[in-house]
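What follows are several structures.
Presented sequentially are two complexes of chain A, the first with chain B as partner and the second with chain C.
What follows is the complex of A and B.
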């Protein structure tokens, strides 16, 4: 059914459902005329796999199915609303992992039919961007979208989020997550977070002193890793392979020590903390470079970082240094919004619904590949 | 799984009937589940709502007919379908309008 013409004169609500990776996020957002959007609830549950492993599609989908009802109930109760107040049900159409996406879409369709509410399929990347804009108030920034599944430099132009540069192979978050597996680092709460903490430990002789307040007692070793920026794009599989090779030297040395076969000179002079530090410094410098290139091209000084890797304080710091050298600033959100969540889907879905957009039930499928620029951003008139 | 002489290309088949309390719920399950296409060309699926064995004509049963080239493909497809159907049933059980309204009264 078409959007009623008077919808913009009253408050609107959307329930958002996100599950493209290992986080199931469900939230309720409210758009009120002449007021900033209000988050009524934002509930998330993360599927964490054991150290040394990644999350596989089948297990992730099983996790989402297992807790879907629980998370949905929490989101509805926290929002304190009735289903009749909801205008539309927004769900992640893609991009992402197939089985997890499908499991959430099935839940979304069932709710749509039970509650008799329209569905809106949302692009996950656009969800991140719109939530970032909403939370930070950045008007027209270059967007760096960096997560476990995506790495894109985006600029808005004529009703589309255009991809200026991107990874040619794997996402930067995927590079970090897979390196966490190599080092057998815990995946709880997220492998990237633990790599960040270990990188901070490279500044301390005592690995236990990683709080900001401890004075830095050590100069971290910046190891030589390949730096792969290719014009506006970048590539991470080579640097991951190099980091893995360096990590294997640590294992060989550790193994030799166990066998009491030590040759002191054969011990590598670096630690896992140095490896994490070096990996972060190198990949983040690459991201700063391609972001700066896009900023110069477009002529803007604002940078908005969205996506799970955007939580990383070192990345924010490096980007901030670059942005202020250009007379600009970096905008970032906290972990409630940079990590995958249902609210961003609800927000982007409601924005689309308010322009008359709706996804018919028969077309309410999912897709693993969904380019950011495929979405017609009708709700912006700039 | 008996061989299906009518379709030699898909010799392995099974029909799964899931009864629902009402025709409305069977219809919701049907419309929610039939949207996704089968991933493999070696598997074919047909969903419909049919009437129960009792005198009542209302279509309260979700009938799923699966055909596949091998038993392994059939098993994988049916197991995956059952997982999805289980989610649909759980959502109906705990998130239907009447269930939520009742909870809010408590």
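What follows is the complex of A and C.
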């Protein structure tokens, strides 16, 4: 089904299906000639695992399968469109967790056959970047893409989003999420969010209260954690291990206190809030540093933060300080677009579809490994 | 005093610097640069790590590159102080060592690790990045892969990197911005400013050892090469293909243990996350 040449002269709609991790997101976007893209609906449902645990692929996939139809219906109703108006069905081809990706791809292929619509397989990271550019209006920024599965510093050059720096082991979001597990913090709405609240609590006289009601009189303790930057790359697993060791000191002390054989001096002088604060300060300083290095190298002063960790206000604040000292500014979006969503897939898919790109049904597979720089960005000509 | 005796051209130059003052003066200068004895500092680069000023050191005709690592306001002050101190000291130690071993790097004139500055020899010329891009754009559309000038440059770069590694130094941030192409001593003054053909002539000098370390691990050396490879791929995609063949051959010629490092480089390349596992 080749793209009709007149497609660019009329409004067109794309349905986006995203499920590469624990969120199922479905949304509808409309591109109209000479107008900014319009978001008709953006529905998301998150699979939340109990405190102390992560989301397993099989459980997450089951969640996506269970609610796929429900979320899709909600998205179509909210957009107030009929299926015949849709031009293409965009879905996440990768990267991500295999099982959840597969469940959503099955949904995408089913809808494609049911409604006789072309499919567009989208790279998840490119989806984030394009949505971020679209929302913030940043034309050619350095992109810091930080989430539970990815940590990359990206710059656009001749039709590719090129990766300047990335993590050498785990993603920064994974580091934060796993540390939340160590501290047995709730995963609702997101472990990283709760770490952020606890880190803020380190400034309050009662650092255990994440509602921040006590007066802001405390000076948080910065604990010594490794600082692992290699060129424009960084590493987080050693930091997580060190933070875990410090956390275990707290755990041991708490246990001893229960047994009433406490020796006052043996108690660590820090609180879980201090640990969260130190972890955030360290890993975000690393991220800002590698972003700044990429900016200096490319010679740009715009930064765009995308991905789930991009919601973190401390990261946005640090990045903003850095960018303004370079005479630039930081572009960030809120949780609707930072956290995985269907609309970004719809948007990136539609951009590709408008250039004549389609994924034939027999190739509409998924892949866990799909690098950002593998995508040929035909829709940009700068 | 330098300023009192300055000639007309120098005064002009100073006026030009003063015109750029709005940009530079918005940053507080370290105290040493505010003394009247040093030539007015001229901000030449704002890197990620800090700022490099062109000024003079001790005597008015000793040009110097003055690297200042200002406090990073985004970073926690304790973390910031720790990193700045460590990095200034590490950089100076590495530069001194390179100098002793004959690796082409700027000489160290002085430093203060608590304030965060390091004064170094001024290297003439331009970064390879600028020269190479200029040269590539003058040959737009041409097949440059078998061009002898470009090959020579790649070999020269590889040779210098090999020399660094040979003497137990790992640069940590090898990009084409951190490689200077300085007019070689053989070149006459008239030759320097001729057409695009001579753009790639000159000697390589390595600068910005802000992330360097004294390391002899195969891993660190391989990562060093990998960073450089990616810098080529991202800023000069057209010259990327010459990396394997020519730059690495220069590397092998100056560094005996190169084969082990190149083997590890293969592994490092595979290690980037989400890299396609095909083939």
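Basically, the second predicted complex is superposed on the first by the 373 of 382 C-alpha atoms of A that agree within 3 Å, B and C clash if a C-alpha of one lies under 4 Å from a C-alpha of the other, contacts with A are read in each partner's own complex, and residues count from 1 in each chain.
As a working rule, a residue touches a chain if its C-beta (ideal position, glycine included) is under 8 Å from a C-beta of that chain, and two chains touch if they have at least 3 such contacts.
The structure presented is a predicted model; accordingly, all values stated were derived computationally and were not measured.
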Discussion item. Looking at A:182 after the superposition, I want to know if it touches chain B, chain C, both of them or none. Which is it: first, second, both, neither?
Written reply: neither
Item to complete: State whether A:227 touches chain B only (first), chain C only (second), both chains, or neither.
Response: second
Practice prompt. Please work out whether A:235 is in contact with chain B alone, chain C alone, both, or neither, and reply first, second, both or neither.
Written response: neither
Fill in: Which of chain B and chain C A:362 touches, first, second, both or neither
first
Worksheet item: With the two structures laid over each other on chain A, which partner does A:73 touch: chain B (first), chain C (second), both, or neither?
Response: first
Discussion item. On the A-aligned overlay, A:82 touches which partner chain: chain B = first, chain C = second, or both, or neither?
Written reply: first
Fill in: Partner chain in contact with A:92 - chain B first, chain C second, else both or neither
neither
Item to complete: State whether chain B or chain C is in contact with more residues of chain A in the superposed arrangement.
Response: C
Fill in: chain C partner contacts - residues on chain A that touch it in the complex
95, 150, 155, 157-158, 162-164, 166-168, 222, 227, 229-233, 281-282, 285, 288-289, 292-297, 317-319, 321-322, 325-326, 369-372, 374
Practice prompt. Could you pull out which chain B residues touch chain A in their complex?
Written response: 27-29, 31-33, 35-37, 83-84, 86-88, 90-97, 100-101, 104
Worksheet item: Along chain C, where are the residues that touch chain A in the complex?
Response: 46-49, 72-76, 78-79, 83, 172-175, 177, 211, 223, 227, 230-231, 233-235, 237, 271-277
Response to the item:
Seen from chain A, its contact residues with chain B in the complex are 61-62, 65, 68-69, 72-73, 76, 82-83, 102-103, 105-107, 109-111, 113-115, 361-362, 364-365
